[in-house]
Every structure is written in structure tokens, then in C-alpha cells.
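Each of the next two complexes has chain A plus one other chain: chain B in the first, chain C in the second.
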Partner chain A sequence: MKHIIQQVFHSGKFIVGFVILAAVLLIVIVYPLLIKDAPLAIIGQGTFFPPGTYVNAYDSLGSPKYILNLEHAAAKRIASKLSDDDRLAMQEWLVAAGIPENEIDISNTEQLLRQWENHYDPQTNIAGMTNAKRNYYIRLNASLKGLLSTEGAIIAVKNADTGALEETGDVVAQSDYVNIGQVANVRRLPLGTDNFGRDVLTELVAATRVSLQIGFVAGIVATLIGLTLGLLSGYIGGLVDDGIMFITNLFTVIPSFVLLILISFSIGQEKRGAVTVAVVIGFTSWVWTARAVRAQVISLRNRDHVNLSKLSGHSLVYIIFADILPYVASYVVMALILQISSGILAEAGLSILGLGPKTTEVPTLGLMMNWAMIYQAPVLGKWWAYLPVLVTIALITFSMNLMNTGLDQVFNPALRD
Partner chain B sequence: MERYRKYFLNKLSWFLITFVCAFILNFILPRLMPGDPVAAIVSRMAQGMSNATGVQAIYQQYTELFGTNKPLLQQFFIYVNNVLHGNFGFSLSQYTRTVADVLGASIWWTICLQFPAIIVGWLIGNTLGALAAYRKGGFDKIIMPISIFVSNFPAFGMAIILLVIFGVGLKWFPTSGGYGFDLIPNFSWKFIWSVIVHYQLPFWSIVLISIGGQAIGMRSMSIYELNADYVKYARFMGIKDRKIIGYVFRNAMLPQITGLALSIGTMVGGALVAEIIFSYPGLGFTLLNGVMGQDYPLISASTLIITVMVLSANFIIEILYGIIDPRIKAAQAD
Partner chain C sequence: MKHKTLWWLLSSLTILALFLSACGAPTEAPATAEPTEEATEAPTEAPTEAPTAEPTAEAVAPADVAASLPRNETLYFNGQQWGAVVGWNPYSSSNNNAMAISQQDSARVTMFETPYLYNMLDGQVYPLLADGDYTWNDARTEITFKIKEAAKWSDGTPVTAEDVAYTWATHVKYNTPTGASNADYIDTIEALDSQTVVVKAKLDENGKAVNPLMVAAYVSNNYVIQKAWTQTLEERTGGDATELLADTAEDVVYSGPYHKFFTDDTKVVLIRDDNYWGQDASMWGKLPAPKYLAHTIFKDNAAGSVALAQGEVDVSQQFNSNVQVLWLNYGLPVSTYLPEAPYGIGASLPTAFYNLNSYGLDQLAVRKAIAIAVDYPTIIANAMTNQSATFDQVPRSLMNPTPGEQALYDHEAVKDLQWAGNDIEGAKKLLDDAGIVDTDGDGWREYNGQKLSYVATCPNGWSDWQAAIEVVAAAGKKIGIEITTNYPEWSVYQTVVTKSDAPLAEGYDIFMMWSAGAGPTMPWGRIRNMLSSEFIGMASNWNGNWGQYSNPDVDALIQAIPSESDPAKLKEMYTELVKIYLSDIPSFTLMYRPQSFHTVNETVWTGFPHQDDGTNPPVPPLDLTDGWSIAGLYNLTLVNP
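The block that comes next holds the complex of A and B.
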């Protein structure tokens, strides 16, 4: 046993797969210990907030102020407020006013504003320009003047009795800064929020945990059924073999996802918990394990040590457990790994069809995908709602297949390069 | 010919048995669903009706129409009879349309999308796998990890990535539908072009997912065959490399054909989900609508049709295989 494990850990592919999977498991275990938010709590009012650090604007007004004189602060402020459309419009005006196009660089805010200031004149009549457009430029010019002002903003509160605005005496100057650490309410959303306004990262970690559990339960159910049927049919033979092989062949050709759809639909939305879905997936995916185990058992059953065991009068159960199972164990472990990974994929596929676990209780990777699709996240460019989910699924299945390939090379020396 | 007939009859009887079992499963499973689907549509139709006896009358009329008040066995015989006449009843979610009508509109989209895509994917995958086994070296080092990664990638993931890159990012292809939403199906060039453009992304996403697994399988089969004794013997005899390769790949190809027969069910499953991602008007999308609308006649009929499609594809492949592989003839002689 120790020797086998040593050998397994000499396989590069197995180690890579194992490390990736272990890292995923570690994150799934450690993250909830550090961050105790409920994964399904709806915190955002609105859909798909982009990733970033959210600082409470109200609290930051009351936080201690620090004056920092940074060189490009004003330029950055103006640049962030000047939209691309406005820049293009400014360029259009300047070109029309006779400035060579190659001298205008709309990504260079400072130069653009200087050119604008020097050349813009509301009185200038540009041939072919509509009145609406001229008014737009006048408004744009006024707002640019506002942007360029250097005065601070004054905070006023509404007097509850009179309704009039009263200054609180605080003036927020343009060089005032607050320290994020001193603002009472700051929330980091490294992956933004989803369509319901849930924190995607927290949800993703919880979903990965549930999906892994679904995969494990499905894999174990499928492997147990397949192993039992394969052992019985291979070792006993005769009528039992015929019967089991009939069922197995039947379920090989009837597509398993059709059964999966029919059973999940029959269970009904209300009763479909994560565990139920996992068991259903397990019940529809044992076929390949059963076939392979049967084939191996048939080649084993007439070996000398099995015959010897029979002659010694050992019982059927003993022979299966002591003389046959150890020889198929390595295959069964590999099959289990593949079943787990295909169980996770099956759950995701079912959820996209709307047949996944009940949506209100637990998140799963498939359900997150389903909601992202229903709310058109890919088309709207909200990558944080679906890409991390896809990457997680791909990492898990890829790592498990790598482990499987590594094991295969250890147990079947013929496959080694 | 006698031997082929035995093989053919054997496969045909197996096809019929699986078909009957699939048919029964298809009927039973959706009807075990808790809750009354008729009550669901009635409540939708009766919104704003205050007259209780009126609601009751509507309920009874629909129960009669869909036959949900009869015992299960009787429902089954009615169903068999109806299916034999091509009548799948009314769709519950798109009522006044029959299920046959809904499915008739979507089935050709699925057949024209999936079967070419799976066959093209199979051909490309096998060619790449055979090349990787033969050329080894750098080519193999690049093709294999990519194939392994792609074959582990979920079908919908591939679809979404193509959608985001080519549909949303580069805007080369439309992101949803089977044809432009502003068009009415007809035989004008504009419509046909729109269909072709909408076809590309679903097609290539299905091709890409089927390439990976096939390439891996073909590679290991070819490596196994390249090391076989007959190859060494042929080399000693001085037979040209090109000719040997021909033998090797023909031998490696045969298990791949059986592989296609066995995996076509899974592939169709993945492809149906890919259809959903692109809102392609095929069976996958119809199935989604059926699930959303709790529409069991529709679900039962579409899963039945999918099963029939997969079983028939399987049957055709096995018949072809029997003709291609001389060993089948030999085996039947015993």
C-alpha cells in the first residue's frame, strides 16, 4: 500500500492534478472560516455590480481628512469625468475649426482641454452645424468650466423644520483624502455581485463546496452500483450475468441525460434538493463502471489463486472481497474520480436546463451559470458573473482527469511514454 | 450474406427492445411528477375570474382534454395509440399548439445542426489523434494537452466562450437565434444567409467539444497499433511506410466507430445544452421551454424523439460497422 502511494506520487500528472484539487478544497474549507457572510444574502440593490472595493460615501465624509498634494490628481479627475463621446465631439469641433486632425490626441486630456480653451468660441459659425449641435457645444463648454474649477464642495443638510438647506461648515477640498481603514463601512467585492446582488466570490466558494459534494455523492452512488453489478455479473455468470448485462446494455444506449431530465423533472422543483440531484445523477451513470468491472472480473475469475480459494471452501463473499476486489480496486478508484468530475458536469448541465437543485437553498456552480445565462451576463459583458464559475468547473474537472491519467500510467505500465 | 442477415436481425431486435423500454420510461417518469399540471394552466387562464364554478368547469374541460383523470394504464394505451398516429396531444405551456407542431418546427434545426457537427468533430478529432500518434514530438506535445483540456471542458462552457469572443467581442456572428429576428422563414437569399451566419457559432462549439475526446482515443489506439507485431513484421519485409500507416489507421479506426456509437448519446446531450446557450430554435431550447412551463406532453415527446434519434444513429453506425469490419462476419459464423 505504502509502495503504491509512493509510486503514485512520483507521477507528475497526478501531482499537478492533486495540487490543483487540494488548493480548491483548501479554499473551500478555509474561506468560510475567515469570511462569515451568508453566501445567498442579497447585499446589492441592482444587478451585476462590477468587482472592486465599495466605500461608504456617507461615512467617508465624516472620516478624518488628510491633505495630499498629488501631481496628477486634477488631470485624473477631469479625465474620469470626460466621456469618450464628449472627447470625440470636441475633436469634431476642433477639426471643423481648422486644426489639423493629427495634432489632436483625444486620449491626452490635458492637451485636448488646452486646445479647446484656446480655440473654442461660441460665436464661431461652422458651416452645416445644426442649432441643436451648437447648443450641445455651449453646454459642453459650460460643464468643462465646472470641471476645471478648483473650489471644494460644500456639504449641506436639510433643516427638518424649515426644509431649507443649511451648511454644516464642512468643505470638502479637492485635495482632501480619507484613509479607507478609517472609514467605518467598506466592502470588498473582488468578483462584484450577481444578478440578485449577491457577493459572487462568497457565493462561488459555497457553490464549489456544494458542487463537489454533489459530485462525491453521485460518484460514490454510481461506483457502488456499478461495482456491485459488475462483480456479481462477472463472477457468478450464467443467468445473473445475462440479466445484469441486459439492463446494462439497455442503459448504455438510452442516453443517460434523457433519463436524468425525465427523473429530475418527475421529482418536481419543490423536492429537488442537492442530495436528491446527486443521487439521481449517480443512478444514471453507473453503466460504464459496471461494464469495465465485469470485464476485469471475468478475466480474473479463473486465475489460480481464485480457484485455490474456491477449493479451500471459502464463501462467495469472502472470495469476492479477498481475491477479486483487490485486483479491481485500482480501476475502481480511477473510475470514481472520473465519475465525480462527470457528476459535477452533469449537475451543471441539468441546472442550465432549469432542472438543477432548488434555487432558494444552496448555490451550485450550475445554478450560478443558469442565472448568469438567464440574465444575459455574457452578452452584457458582465464577465465576473460567469467566467469565474466556468474556470472553477474547468479546474476541478481538469485536475481530476489529470489525476486519473497519472494513476492510469502507474497502474498500466504499457501506457507510460 | 446469410451471416450479415443474422448480424442485422440481431441488431434490429436489440434496437426494438431498447426502443420499447425507452418508450415506457418516457411515458412513466414525467407522469410521476407531483402536482397537477392541469391545475397550473387553469390557474394561469383563470386569473381575474371570480366565478368558482366557472373555474371548476374550465378545470374539468382541460382534464378531459389531456386525459389526466383516467388511470395510468388507460392513459398509456391512449398515449401509444396517439403516438402511432403522430399525435402527441396539446402542449400545456403553448396551448392551442399541438406538441407535434412545436416539435415539427424544432426538430430539423437540431438534426441539421448536430449530426453534421458531430461527424465533422469526429473526423477532425481522429485525424488529429492519428497525426499525433504518428508524428509524435512537438505536434503531439501541443495537440495532446489541448485535447485533454478541451475534452474536460463542459459543452456549455465552450459555447459561452465562443459566444463571448466571436459574438459579443468581435461581433462576427450573432449571439442568439436560428435566423435574424426581423425575418420570416422563406427561400430568399437574405434568409438563407442569415441562417448560415447564425449556424456558425453553435456548429463550431459542438465540433470543438467532440474533437478532444476523439483525438485522445484515436491517439492511444494508433500508438497501440503502431507497436503491434504485424507492423514490425511489415517493416522487416520492407513494405513502404505509407502502406503500413494505411493498415494501422484502418485498424485503429474500427474501435473509434464503435466509440462514436457509444458516445453519441452523451454528445447529443452536450449539444442540446449548447443550443440553449445560443437560443437556437432546436430541441434543446424546446426542452428548456417545456421545463420552464411544466409541460409534460412536450417534455415526454421531445425526450422520446431525442431517444429515437440517438437509438437510430446508434443502429445505423452498428450496421455500417458490421459491413466495414470483416471480423463481424467471422464472429457470426460460429
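The block that comes next holds the complex of A and C.
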């Protein structure tokens, strides 16, 4: 046993796969201990907030101010509101409004803005201009208000009795900075929020955990069924073999995913918990384990040590467990690993079709994908809602496949270096 | 083993690649010269191949042309047609032919036409087949209107008053859906002469019209169908009602500007009738701009959205979540009716109904607690991606956000009843005061010793509703009432919810349904649908009041409003209804929703309706095919002529 484990950990592929999987498992276990936010809590009012650090604007007004005189602050401020494309569009408008093109210098912000202020009129109808373009100019015009101002912003509060605005005396100058560490409310959303306004990272960790559980349950169920049937069929042979192989062949010709879809659909959503889905996946994916185990057992069945065991009067159960199982064990472990990874993929596939577990109770990787698709995250370019999920699925299955290949090299003499 | 591993690796990579490729930002569609060239080629090819068999060549041509319609002559839609067309029979309501047939408050008038066109923006009707406004007699029991001299059928014969009368007679004779839903209000429709139509209302025991509102709505909601063709149809089907409704009516005679060009299970194409009577100066004075109206049948909303972004769809009536991203982030020439959120004009009130027979939901305190605890701003921002007015902007009532309806009730009188939501403390206090507290310490409240536990539900796949229901469930957790969610398939959901002759099935404690939108009978029709007890006890109830609420005061008001014509009295009655609704809380509105979503891509066409577009009367944002919105088809121009 020790020797085998040593051998296994000499396989480079296995180690890489193992490290990735261990890292994923570690994150899944440690993250919830450190960050105790509820994974399904709706925190964002709005959909798909981009990844980043969210600083409470109200609190930052009251935080200690530091004056930093940075060289390009004003230029950056202007650039954030007025891109090169915007300047070209302004030029286009001004030319259409009758300003000679040579009088417009789009690199001269001050002059451009003055010309714009003097000539832009949202009511003017320019021939050939679409409504989308017209809306664009209205938005642009609004965002340019006070762009060149060097004055600070004055803070005022509403008087509760009169409703009038009263200045607090606070002025936020353009060179004022706050230190994030001193702002009372800062929330880091490394992967932004999803369509419900949930923290994607927290949800992803919880979902990975559930998906791994589904994978494990599905893998174990599939492997147990496959192993049992394979052992019985291979060792006993005869009618039992024919019977089991008949069923196995039936399952082989029906594509298991179709079967999975049909069963999931007929269970109905109210009864589709994560465990149920896992068991259903397990029940539809045992076939090739059974066939492979049976083939191995048939070749083992007439070996000397088995015959000896038979002659000694050992029971069927004893022979299977003591004389046959150890020889197929390495194969079964490898099959289990593959079953787990295919279980995770199957859950994802089912959920994308809307046949996964119920939504509110637990997040799963497939459900996250499903909602990202429903809210058109790929079309809208909200990559953080689905790409991390994809990468997680890919990493888990990739690591398990690597481990499997590594094991294969160790146990299969033909593949040994 | 090796192969298996390889296969798995490959499959995971393929999945990754698939999604990666899907996430690329949609780029602006390239110039549309290509399809145009192909299309002009098509007709020249067909005759040379089969000069002797001309009919077959013609029969093939639409398919060829439809395969590559000239982009500069075609207006593409999405969100209306979700499967192959069944038929063209205007008497039937099961044609699955959204592009041509839809008799509703703003009836679709592409192929068949109504006497009047309803305009949801100003609440007025405008004559189409009719000539001038209709008039009521003094007793408000008869409507009289004339048919335009110019109005012609596609076979060249004039549209007459007799056609209008015969259409109604046929609806009644064969008990069509239209006949069944109007027979209680309309007695007869008669032709005084070839141009004059009289619609006579059913009278109650006092000699007054049962419901003048429904009578007036008939003339803008329902098509006029040719008498001669109807007789052909009757002859063909031998007077059998089922067969008449099942006839696919490929030979139907129509009066509208478009008719069938091509359909299969991938697209529906209507072609303009260049002899359309409406180019007469007494109507539009010209033909509508697009020669073809085409609707590709998309697999789902996502596919339709991609097509919209790529400029393959001009007018989108589906829910495109975060639609502003298309112009803000991608700079596409896409726009909506309003430039900023809520982007459209709200017309209907998607509402969560309480099953009033569920345990504990007969208690006002429980209903009110849940309703005031729900986080409506989050529903609007997340589920609707801000494509709904908020309840701060338009406080809740039974009215939709249009100014016309908002003016119909006294805002001050019900101010204290209009909750804004998110009132967790208030909800808790309400329940505590009612003695509904957690007695056994499990974290959930009990009423008379039994735990309050509900299922909130809506159809599976209705994404914005599902997201809204999730927020409702979250509110329950905050106030100690267990609410779980469940999403049955629509086929199951609709049979349960529309069966009102028995208590609702388990698992339907809080469920979402729609309300009526904008129309000539609104807001009365919507209020009736939401509150009237006449809809309890039906085997199939598609009208409303799905939670089975019953209040004699409300029924009396609903009964009285249609015959009332004094605006001050009406306002009083509507205010009373809003007051009762907001105090009894048999249901609570979750969001406002446009009559139909209206997003346009101006890559090829421009001149779509938008706020302050200068049209008078204003063209409503309804797909350019429904009611008065068809006027928009005459305003379209090409971006690059």
C-alpha cells in the first residue's frame, strides 16, 4: 500500500491534478470560514456589477481627507468623461451644425467644449441622424456639464423641517483623497455580482462545494452500481451474466444524457434537490464501469488463486472481496474519479437546460451558468458571471482527468515509462 | 483508457471554447449589400429554368426570395412568433400567427383591419376602415359609424357595412372566441345602408346598456371580415363550428396592407399589397415603407437578443435584459422609446396573487406583512433590469403608469395606504400585534400553533418573474415567514391557476400572473380582472382574480362604472376601489411592464417612434403593427437610402 502511494506520487500528472483539486477543496473549505457572508444574499440593487472594490460614497465624505497634488488628475478626470471617440462625434455634430471643420480642434478641450456649449441644441434635427445617435449626444452633453470646473463640490443636507438645502460647510476639493482603509464601509467584490445582485465569488465557492458534493454522490452511486453488477456478472457468468448484460446493453444504447433529462423532467422541480439530482446522475452513468469491471473479472475468474480459493470452499462473497476486488481496485478508483468529474459536468449540463436542482436553496455551478445565460451575460459581455464558473468546472474536471491519467500510468504496465 | 481521458479533455475544452466564443462582444453588422444582390438575382433565375411551367416557377419564387430578402425593403421583428404558423383564419384564435392575426386592445392590423385604431398613448381611437368618429345615441345604447368609401378588399371589392354586420353574425352563429366574449354586451350589428353600421348594445332590465365600455371597445378590437369569403368558408366547412374554426383559410380575403408571402418553421414573411386601399388620401395617403415584414423564429430570447445586437432584427418586442448595455457599452445604434430607465411606457401590472384559501393567508396581517416587506426596488433593478417605473415614481394603485389612468384616482386620499416596500420592522410589528409570533422557537412564526410556510411560484423559464419571486421569498425569511420558491412548467401552471371552481392546489400560495395592459376599457377592465368575484367558479378562468377574492362592495363598484359618464363620480369610484384594494391586499403588484417591449436597431431603418418624436397623434411603442402604432410604418425611412 505504502509502495503504491509512493509510486502514485511519483507521477507528475497525478501530482499536478492532485494539487489543483486539493487547492480547490482547500478554498471551498477555508473561504467560508474566513468570509461568513450568506452565499445567496442579494446585496446589489441592480444586475452584474463589475468586479472591483466598492467604496461607500457617503462614508467617504465623512472620512479624513488627504490632499494629494497629482500631475495628471485633471486630465484623467476629463478623459474619463470625454474619450477620443466622443471628441470626434462632437466634431461631427458641430460640422453638421455649420461650423467650418478647420475651426474645430478636437485636441483643444477648452475650445471644443466652448463651441459645443454655444452650438449644441438637443432640439436640432440633423438630417440622417438616428434616434440612437440623438440619445448619445444628449447623454454626452449631460456628462460634459462642469467638466472644466476647478471648484470643489459643496455638500449640503436637506433641512428636515423646511426641506431647504443647507450647506454643511464641507467642500470636496478636486485634490481631496480618502484612504480606503479609513472608510467605514468598503466591500470587495473580486468577481462582481450576478443577475440577482449576489456576490459572485462567495456564491461560486458555495456552488463549487455543492457541485463537488453532487459529483461525489453521483460518482459513488454510479461506481457502486457498476462495480456490483460488473463483479456479479463477470464472476458468476451464465444466466446472471446474460441478464445483467441485457440491462447494461439496454442502457448503453439509450444515450445516458437523454435518459437523465427525461428522469429529471419527470421528477418535477419541487422534488429536485441537489441530492436527488446527484442520485439520478449516478443511476444513469454506471454502464461503462459495469462493462469494464465485468471484462476484467472474466479474465481474473480462472486464475489459479481464485480456483484455489474455490477449492478451499470459500463463499462467493469472500472470493469476490478477497480474491477479485483487489485486482480491479486500481481500475475502480480511476473510474470513480472519472465518474465524479462527469457527474459535475452532467449537473452543469442539466442546470443549463433548466432541469437542475431548485434555485433558492443551494447554488450550483450549473445553476450559476443557467442564470447567467438567462440574463444574457454572454451577449452583454458580463464575463464575471459565467467565465469563473466555466474555469472552475474546467479546473475540477481537468485535475481529475490528470489524476486519472497519472494513475493509469502507474497501474497499467503497458504505459509505464 | 487513454481514449477516454482524451475524450474528456477534449469535451471540457470544447465546452469552454463554446462559451468563450459566445461571449465575444457583438459587433455592428456589416453592410447589407450582400443579401440585396442575391435577392435581385433570384427572380431572373427562376423563369429561365422553367419557362413553360410558369405556375411552379412562381410557387418556388417566394421561398427563394424569402431565403434572402432584400434588406433595404424588409423590416425584421422578434419576440412575436415562436413556432410555425398554423393558419390565416381571422375567426379562429389558434392560428399561432402573431404577425397577421391578433384581436386585442391594440389589434394587429397588418393583414386584417378594424374599424378603429386604439392609441394607448392618448387613450383615443382613430378611424381606419371607419369614416370619422363613431357616435352614441342619447341613451348610450347604440353606436353608429360609417365605412370609408375608399376601403377595399384585396379582391378589389369595397368594404361595406354588410361585411361588419355579417362578421358579427358569424361570430355569434359559430360561437367563436370573439362571439363568446362579446355576446353578453352586444345584441346585434346592423347595416343601415352600404356604408352605415349600427352596433346595438344588450340592454339590462332598466333599458340601459349592460356595458357601454365593452360595446365601444368592440369596434377597435375586432377585425372586419369579408362577407363573400365568409360564405365560401361556411360552404366549405358545411356550417360546422369546429371545422370553421379549424380551417386554415389560405384563400382568405383581407383589407390590410400586408399579406402572406412565405412561412415555414424558420420564418414568417408578409409582403406589402401595392394595391392597398389605404394609400387613398382619405387614410394614409401612401404605402407603408417596408415591402416585407419578416420574423425569424428564434429558439429563445437569447438568440433573439443576439440577432437584435447584430442588426438582423429591427424591432424587438422581447425582454432584452440590461438593454442599455447595447448602446452604452457597445455603441450600437439601438434605442428604446424613452432614452433612460424605465425605457418604455408601463402598461400592465404583473402581480403576485395570494391564494386566499391557504392557511394563514386569510389573515390581513400576514398578507400585508409580506407585501410591505418585499424589496420592490431590488425587483425592479434586478429582475426587470430597471425596465419598469419604480413605486416611488408611480405609487401603487390599480392604475398603470400612463398619465391618463393616473389622473383617474385621488392620490391624496390613498397616500397612507400606498406602501413602498422594504418595511421589515413594520411588517414584524404588524405580525407581533396580531399575535402571530414564533411560539416554538424554530425561527418561523405560527398562527394558531401552525407554522406559516408558503410556496411562491411562477412558470419555469419566465426569467424576470422568477427573479422577482426569489425576492419575494427573501422578504419572507426576513420577517419569520417561510417562503420557498417553485417553478412548474407553464403547461402545468396555467391549468392550475386558471381553474377557479375549486381551491387552488397546494404549492400555489403566492403566485404571479399578469394584468390587462392599456386599452379602450381600461382601467375598468383591469380592475374587474383583478378583483371581480364573477371569475370564481369557472372551469377555465383566463380573466383574472386568480386568488379568488370576493367583496360585494367591489363587485357593485365594478358593475356601476361602465354606465357612469360623470368624470367626478368616476374618480370617486376609482379612488374607492384603490382604497379597498390597498386595504384588503388580495394581491400585490411587483412591477410595471410595458404593453410590449420596444427596442429598435437603426442599422437599416430609422424613424421609429420615440418620446417627443413630433408625431401627432403620438405613435405608441407597439411594434408598428398594433392599433395606432401601425402609423409608425409610414414614418420609416432608410438610414442609407
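One rule holds in what follows: the second predicted complex is superposed on the first by the 356 of 417 C-alpha atoms of A that agree within 3 Å, B and C clash if a C-alpha of one lies under 4 Å from a C-alpha of the other, contacts with A are read in each partner's own complex, and residues count from 1 in each chain.
Going forward, a residue touches a chain if its C-beta (ideal position, glycine included) is under 8 Å from a C-beta of that chain, and two chains touch if they have at least 3 such contacts.
The shown structure was predicted, so the numbers you read here are calculated from the model rather than taken from an experiment.
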Item to check | When chain B and chain C are modelled together on chain A, clash or fit | outcome: clash
Checklist entry - After superposition on the shared chain, which partner residues are touched by A:404: those of chain B (first), chain C (second), both, or neither? => result second
Checklist entry - In the superposed arrangement, which partner chain does A:163 touch: chain B (first), chain C (second), both, or neither? => result neither
Next on the checklist: Let me test your reading of the model: by the given contact rule, A:258 touches which partner, first (chain B), second (chain C), both or neither?
Outcome noted: first
Item to check | Winner by number of chain A residues touched, once chain B and chain C are compared | outcome: C
Checklist entry - Of the partners chain B and chain C, which touch A:138 in the superposed model: first, second, both, neither? => result second
Checklist entry - Touching A:48 in the superposition: chain B (first), chain C (second), both, neither? => result second
Next on the checklist: Going by the contact rule set out at the top, does A:98 touch chain B (first), chain C (second), both, or neither?
Outcome noted: neither
Next on the checklist: A:196 in the overlay: touching chain B, chain C, both, or neither? Say first, second, both or neither.
Outcome noted: second
Next on the checklist: With both complexes overlaid on chain A, does A:238 touch chain B (first), chain C (second), both or neither?
Outcome noted: neither
Next on the checklist: In the overlaid three-chain picture, which partner chain does A:266 touch, first (chain B) or second (chain C), both, or neither?
Outcome noted: first
Checklist outcome for this item: The only stretch of chain C that collides with chain B once the two complexes are overlaid, out of 328-336, 472-480, 490-498 or 508-516, is 490-498
Checklist entry - Can you pull the chain A residues that chain B and chain C both touch? => result 268, 270, 341, 345, 354, 373, 378-379, 381, 383, 386, 390, 393-394, 397-398, 401, 405, 415
Checklist entry - So in the complex, which bits of chain A are touching chain B? => result 249-250, 252-259, 261-263, 265-268, 270-271, 341, 345, 348-349, 352-355, 369, 373, 378-379, 381, 383, 386, 390, 393-394, 397-398, 401-402, 405, 415
Checklist outcome for this item: Seen from chain C, its contact residues with chain A in the complex are 1-2, 4-5, 8-9, 11-13, 15-16, 19-20, 22-23, 25-26, 301-302, 305-306, 309, 320-322, 325, 327, 329-335, 339, 375, 377-378, 381-382, 385-386, 460-461, 463, 466-467, 470-471, 473-474, 484-488, 507, 600, 602, 606, 608, 610, 613, 639
Checklist outcome for this item: chain B contacts chain A in the complex at 14, 17-18, 21-22, 25-26, 29-35, 148-149, 152-157, 160-161, 163-164, 167-168, 175-176, 220, 262, 265-266, 268-270, 272-273, 276-277, 287-288, 291-292, 296, 299-300, 303, 306-307, 310-311, 314
Checklist entry - In the complex formed with chain C, which residues of chain A make contact? => result 42, 44-48, 85, 128, 130-133, 135-136, 138-139, 195-197, 268-270, 334, 338, 341-342, 345, 354, 358-361, 373-381, 383, 386-387, 390, 393-394, 397-398, 401, 404-405, 408, 412, 415
